[in-house]
Amino acid sequence: MGGNVFGTIFTVTTFGESHGPACGAVVDGCPAGLPLTLEDIARELRRRRPGGGGPSTTRFEADEPEVLSGIFEGKTLGTPIAIIIRNTSGRSADYEELRDAYRPGHADWTWEAKYGLRDYRGGGRSSGRETAGRVAAGAVAKVFLGRYGINIQSWTSEAAGIEVPGPGDGGFDLAEAETNPLRVPHREKAREIAEKIEALRREGDSAGGTVSCKVTGLPPGLGEPVFGKLDARIAEAMLSLGAAKGIEFGAGFSAAYGRGSELNDCPIPAGEGSGAVPPGHFRSLPPGVPALAYGSNNAGGVLGGISTGMPLEFKTAFKPVPSIGQNQKTVGRDGKIRDLCIRGRHDVCIAPRAGPVVEAMTALVLADLLLMSLPGACFKLDP
Amino acid sequence: MGGNVFGTIFTVTTFGESHGPACGAVVDGCPAGLPLTLEDIARELRRRRPGGGGPSTTRFEADEPEVLSGIFEGKTLGTPIAIIIRNTSGRSADYEELRDAYRPGHADWTWEAKYGLRDYRGGGRSSGRETAGRVAAGAVAKVFLGRYGINIQSWTSEAAGIEVPGPGDGGFDLAEAETNPLRVPHREKAREIAEKIEALRREGDSAGGTVSCKVTGLPPGLGEPVFGKLDARIAEAMLSLGAAKGIEFGAGFSAAYGRGSELNDCPIPAGEGSGAVPPGHFRSLPPGVPALAYGSNNAGGVLGGISTGMPLEFKTAFKPVPSIGQNQKTVGRDGKIRDLCIRGRHDVCIAPRAGPVVEAMTALVLADLLLMSLPGACFKLDP
Amino acid sequence: MGGNVFGTIFTVTTFGESHGPACGAVVDGCPAGLPLTLEDIARELRRRRPGGGGPSTTRFEADEPEVLSGIFEGKTLGTPIAIIIRNTSGRSADYEELRDAYRPGHADWTWEAKYGLRDYRGGGRSSGRETAGRVAAGAVAKVFLGRYGINIQSWTSEAAGIEVPGPGDGGFDLAEAETNPLRVPHREKAREIAEKIEALRREGDSAGGTVSCKVTGLPPGLGEPVFGKLDARIAEAMLSLGAAKGIEFGAGFSAAYGRGSELNDCPIPAGEGSGAVPPGHFRSLPPGVPALAYGSNNAGGVLGGISTGMPLEFKTAFKPVPSIGQNQKTVGRDGKIRDLCIRGRHDVCIAPRAGPVVEAMTALVLADLLLMSLPGACFKLDP
Amino acid sequence: MGGNVFGTIFTVTTFGESHGPACGAVVDGCPAGLPLTLEDIARELRRRRPGGGGPSTTRFEADEPEVLSGIFEGKTLGTPIAIIIRNTSGRSADYEELRDAYRPGHADWTWEAKYGLRDYRGGGRSSGRETAGRVAAGAVAKVFLGRYGINIQSWTSEAAGIEVPGPGDGGFDLAEAETNPLRVPHREKAREIAEKIEALRREGDSAGGTVSCKVTGLPPGLGEPVFGKLDARIAEAMLSLGAAKGIEFGAGFSAAYGRGSELNDCPIPAGEGSGAVPPGHFRSLPPGVPALAYGSNNAGGVLGGISTGMPLEFKTAFKPVPSIGQNQKTVGRDGKIRDLCIRGRHDVCIAPRAGPVVEAMTALVLADLLLMSLPGACFKLDP
């Protein structure tokens, strides 16, 4: 039971049901003295906010965070940073019908099978609204990481069956991902996907998508080499997102079809590698260990569970939003088959809004690993 | 630092370098009173053992486990079960050249970048040998789960670019996976893959593969609904395996390209569903919650992070073994480019041997989650 | 860093500075279906509230809790229960002088030595106000334990140098501890101590005290036998209270001066023992294990780290409140010796107000240990 | 269940029953590159060894440790350090009678009440032999701490009712504690106590005692300010020892009887304080925070849960060894009252042998806290 606390040193505890009074997060273990403002948090919440104006959702929440503790005179105190976000837009009446019916593709029945009861209004704790707390906490982690030059950027790499060209392909433009509500880094594809999503909405259907994430500035040496591998921690974080069905790093599943002679990333002297963090980055290498880069990044920035200094790259797959406007067969609380047509406001495709959550969870993992590696995996008398 | 302890209630701590005196595991939190024999552990170790006679590897280890504690008169005591496996076959001389060179695709440099030194003999702790401890511990978890009728079965679903037909396809035969060293559940494909691997070995090259895993008998209600989702925990476990590059559950990445109307698993009354655990399974449902099944299993047995009672199904992608017999460019400890040709005994494709490790890690995750939902210290079949 | 999360299964995360916007707690892992009201929480907060009318403190806070999540239609959901308590009475001006001076006996300097900065207003996070979150969380744990017939009761057993007769001694009356603000279970001693405390206040001085705690209804079998001993967990919890300087169980320190022949608690058949939980208590014994009691309780209810079924009994020592009204020598932020006279509202003796916090922390430990030995996500009285 | 893993970053997992094949420990999270030899571990095991020649015990074990992993070419690898110690001296026949009887003052019945079965030979996992693993692990921690100038020293401060003069009193001599088997730092008292213990042995009785521990060289800033207080962590560690019944820090229980004006430790400029770590110690203070010391150490080196830079001082109370040679009444497995006379080799007073275990557990706590504080509670761009 439980499972609402995440991390070892830099930890977050989230809380809140979709239609309860508030959701939020408590960040514990953030170092003291870090400059942090309310706006740092509010900005990230706006990025994930429903009703961003785009075609993927229609719900609206103000999502104004309130910080209850942990910041004093503009800096973190080293104490828990409690952040709450009031729920203001819940129209519970939309959900009355769901009290006695289990929605296909949702956690309604599994929740009851586990807990015996559920808050049926909007999915309760299984709602996408739950991620507001993650994003608020991730905003703190992002500020922390940013101070070390670590940057996390996500984008929609596929949605509604339409693939988006990746970095290096023509038309790829990360800035674009921040300006269109679908978070698609390609102007033309963004329009194409928007049209497809609008068509699906009219049909009462929904669509899946993938979100890519790239982290630059990550020094080598992060991650533990056995169970706490960097990729294991990231995978856990991504699959903890409601609709995630898969993840891959670097060459990913295609590596399972390739050869070692093609896929091995060969070390090259530092400076020659594009994308690797420079040797003089904030975490100096232990004595006697040469700086180097890699000639390719099929590994996605991690070897043996430890960061290589190349960008960390991974992609997460999200299933179609299960709340669809078509009639579906299901089972009621009485155990009998019944028809169900879900009302209320729903996204067609979750991938665009998942991006900021992917970034937040990535930031939480990395902040935690950074604090576990800063002191020194490597013994030195004068830390 | 660390990261060699896994789990919350049913935990395992593994240890051991490839060419050190021994590797092993300490299982903590296994309920008392569980019948457990040395052979239960030895059998699983034989399944993962190198030199199983097949084409995928050539190293030989006896892998005889010794139990140092935790079992008394044929039953677990509730105390830590320490298991050691002596390393007997290490030929360190093969590795002298690696003292000063970083192998492409390996953790050699990342390890040094983190720790400042490494045991260069056979990869040390980053060797596949590390998984012996996992398998020994997983054997204990498997016995525990078996008592509840929970069964875990893996197979090679692709290797060296050759796809193996899945359950429901013609020729799929799980028993076959236990008899051929490639763990391919299809006689003809097994032969085909063996030939391809042999050809790659002659070329001094290697290949990737995927491993599928299916768990039956899992009751609904396992997994925590936010961070500790069942799929998140499994994903973490799988990506903690050395060469894993991705994982997907149920429809997985293909779900990212589909529609909600196709992919939603619709509830059906219990009894009608094939594959779902029967209503009278060991964990009874809370009062008022009807037993049900699902008409499809695109979710792979998990909704909202909680098991549905349908089989848990996932697939893990493994990259090609990075140790290849061809000449490669790399960088030495002196920071200079150099040629490297790796000697020693190496697998061509890791997927076949990864299967038992996939099962072991799955068992460890499930035993832990089961104990978070079930009673106690003292083992009883009917809690 | 961090350290604001407590527990393994039933966990609490607390937050809040003395003069920040609010303090509070997030309880995670409380089983679903437990009837819980706001008044259950408010009642415990009133018990610890400053300004209870008695002689030991003069600060006043309304301490009205708000529940933000985790309760639905009068029952717990199995999700995190977030509780906040607004700070309304902070008079920060009282603390301006403390910005640049380190109070003797306080954590002012150690805090800065660790974090580099502090919220100097009222001790910030090191204030006794921090315990409001613990008490709110403990209230939830108490309700949970109460359902199993587990009752926790504390009292002031010594204050300002005046010893209070214990259970079995003449005049001991637990009901009295709930009616007088000093929580002294003896009418006459309560008056005597009140007078002594008033005299100390006039002198600008303060006093220490001890708090005894007794838990009845605890079944045998709680606690892990090595590191997670029941008494180890309780000791950790008690020494996590600001002014605690020691703890002892059962015969405690006096046992260090006694003989085995005097102190061994000898087993007696169940039913003959006074104080032991009856054999038919909620947790049944494993097959073949006879019910029994103990003829004495020098162990204080725990043997080998595991509860015996006899009452759990321990005593915690609290040092005098370090904020005294007398002139003291200290060092300023400039490193120079200076005089300091502390203003503001302060307790003379913390022991009376510590009682409800002792109970809360005890409840949190026991709820956690109970869930490690009992089933489930879903609350049921008869597991 | 479980509870055999201790620590967060620097962790230890212990295992082993008294009369099983071996006991031992796995240390995880020890930084790489630390010079460490087998003798470092063997030396500490000899210090706790039964049969040290003195009057307190009569059992003999060679206690030769074997290191299975984690050390390479004389230095730690950053990987788990597995250490085993074979049990060679178990005479199980001595314990046949205990199969069906519950010894007074032991964990025999509580163990069965929890687990349903037990290894009755010598107490199994509840035996003092369990501490061999702790001492082996603690030896690693001690070497780590020693590199930072942190020194841990324990001594018997009372035994069999005879108080030993403390530091500053006449005749106190720490070197003496290492030379006499009772670990009494006072030649005359050592003889006096030895005689008393011999007399008790003849009477078939046993005695309690206290162990004092002092840590020097500890920098300010260790410990988390709320739940993870330095003293809370130490208290948990001490009460996890089998026969421990209480602990106190600094002035301890006597502080509960004193006044603030007497007990407050007043800050003084650094350099004037005797006993405080010098300002130039390995962990530099954050910018703007002056170095200081304290004019007294009633706090025992910890304020608000954070180390002050003054010596950490605490005392642990141990009850008399419950195995006595006199006839006792108890209850058998059949639930009936019976007589029991315990045979076998037993200590009269555990305090002398507890000393090295107290030191080991202290070292484990401090190594863990050091690694949590080195990276920086306090944010800095260039760690």
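Note that the chains are named A, B, C and D in the order they appear, and that numbering of residues resets to 1 at the start of each chain.
FYI, a residue touches a chain if its C-beta (ideal position, glycine included) is under 8 Å from a C-beta of that chain, and two chains touch if they have at least 3 such contacts.
None of the values given here were measured: they were computed from a predicted structure.
Undergrad: Weigh B-D against A-B on C-beta contact pairs and write down the one with more.
TA: Taking the two pairs in turn, the one with more contacts turns out to be A-B.
Undergrad: With chain centres defined as mean CA positions, report which chain is farthest from subunit A.
TA: Chain D.
Undergrad: How big is the gap, in whole Å, between where the Cα atoms of subunit A centre and where those of subunit B centre?
TA: Between these chains, centre-to-centre, one finds 26 Å.
Undergrad: When the centre of a chain is set as the mean of its C-alpha atoms, what distance in Å lies between subunit B and subunit D?
TA: Averaging C-alpha atoms per chain gives centres 39 Å apart.
Undergrad: Return the residues of subunit C touching two or more other chains; collapse runs of consecutive numbers into ranges.
TA: 1-5, 9, 14, 33, 79, 114-117, 125, 221, 225, 286, 372-373, 376-378
Undergrad: Within the complex, which stretch of subunit D touches subunit B?
TA: Touching subunit B: residues 1-5, 9-11, 13-17, 20-24, 26, 28-33, 66-70, 72, 75, 77-82, 84, 114-119, 124-125, 371 of subunit D.
Undergrad: So in the complex, the part of subunit D that touches subunit C is made up of which residues?
TA: 1-6, 14, 102, 104-107, 109-117, 125-126, 130, 158, 161, 200, 205-210, 220-222, 224-229, 231-240, 242, 244-253, 255-261, 263-270, 285-292, 295, 298-300, 302-309, 317-324, 326, 328-337, 351, 372-373, 377-379
Undergrad: Residue numbers of subunit D touching subunit A in their complex, please.
TA: Where subunit D meets subunit A, its residues are 8-9, 31-34, 76, 78-79, 144, 147-148, 225, 282-283, 286, 371-383.
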